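All chains are identified by letter, namely A, B, C and D, in their written order; residue positions are counted from 1 within each chain.
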Amino acid sequence: MKCMADLCVIPFNGKISVAQEIAQCQQILQQFDIDIQLHGYGTNLYGEWDDVFAAIKACHEQLHETGIVRINSTIKVGTRTDKDQKIEDKVNAVNDILNA
Amino acid sequence: MKCMADLCVIPFNGKISVAQEIAQCQQILQQFDIDIQLHGYGTNLYGEWDDVFAAIKACHEQLHETGIVRINSTIKVGTRTDKDQKIEDKVNAVNDILNA
Amino acid sequence: MKCMADLCVIPFNGKISVAQEIAQCQQILQQFDIDIQLHGYGTNLYGEWDDVFAAIKACHEQLHETGIVRINSTIKVGTRTDKDQKIEDKVNAVNDILNA
Amino acid sequence: MKCMADLCVIPFNGKISVAQEIAQCQQILQQFDIDIQLHGYGTNLYGEWDDVFAAIKACHEQLHETGIVRINSTIKVGTRTDKDQKIEDKVNAVNDILNA
């Protein structure tokens, strides 16, 4: 089962900036067989369900290993049986209508 | 790794009401070794990370098997290494402050 | 336009526990003409759209006034034109099916 | 109070594709004094809190006017008092660390 997901990780690191941990998550996500696309409020993920959620779990586990005590993630995930739709397909479908 | 999660499933069932599918998800979630608590905009889940996400995956898979073509879920998930905090612990922590 | 919403506020307070700020938000939300129901991973809100979002804005503003530098909220909001559905109506609709 | 937000609208349109309504929302959002950036699972929004939430409300209102009976939105919103951070600033902050 393929899925499209969106991940927004908030580490409770005691600081105001979380960019360091988000960068670390990007490096973790890149180790999985999934497509990833960083945006201004999270990261789009695309791939097999098990790979996507293994990647998300790895973010939590590896941030905890660096000493982060608490982590909150907000995730959106979509699955569909009618077609295989990648990240850029979704953006293009909207832009095609806007440009018609 | 234990986690607390919140799940809100939206099946694209072609209808306005999704209560039938949400009820089906409750029955699916109950088959896993996790605590669940339905509320007005989702369901709180608590348990081992792998059990919680196996339960969420089962909701998508089994709704698809009944013919639902597209499903969107919004998930919040929290992990912490300092203590084991169950669903009612989080509510009680807030209510204790309010009642103090 | 009435709406049902779900609010989860994360204050960047430099600490691991955010229960103090969540309790403060409950007190802020109670000052608005909306129904509120705390659960394990957020708070259900019901009322006029403008009241609900004024309440959410007040949470951000008043937490900032106490010195919280950064705040993230995750919000779900639903509107429908076919009927007026309150928080308990949604839970009952699911439980009625489960008990049938 | 400036804010960064992320909006994902799901119209209950009785169909599998929602691209038509998402395109309509893009046109609605463009009428407000906010920065918007479409991505694969939503749209980043940046501007004054009141403008951002007026834009989101307009999406619900105008989709309802076209006959959509039920709409669900998932919103993330962040505010901070230490600095004014735009959409591209957040992405750049992460990429700068990755490229360092």
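Annotations
Here, a residue touches a chain if its C-beta (ideal position, glycine included) is under 8 Å from a C-beta of that chain, and two chains touch if they have at least 3 such contacts.
In UniProt terms, the chains line up like this: A, B, C, D = MTH1187 family thiamine-binding protein.
This one's a predicted model, so the numbers in the text were calculated from it and none came from an experiment.
These two copies of the sequence, chain A and chain C, are related by a rotation of 180 degrees on CA atoms, to the nearest 5. Chain pairs A-D and A-B differ in how many C-beta pairs are in contact, and the one with more is A-D. Note: centroid distance chain B to chain D, computed from Cα atoms, is 25 Å. Chain centres here are Cα means. That of chain A falls 17 Å from that of chain D.
Per-chain Cα centroids separate chain A from chain B by 19 Å. Touching two or more other chains at once are residues 16, 69-70, 72, 74, 76, 78, 80, 82 of chain C.
Of all residues in chain B, only 10, 12, 14-16, 69-70, 72, 74 touch chain D in the complex they form.
Within the complex formed with chain B, the residues of chain A that make contact are 1, 3, 49, 53, 57, 60-61, 64, 69-82.
The part of chain D that touches chain A in the complex is made up of residues 4-6, 8, 16-17, 19-20, 22-23, 26-27, 37-42, 44, 46, 74, 76, 78, 80, 82, 87-88, 90-91, 93-95, 97-98.
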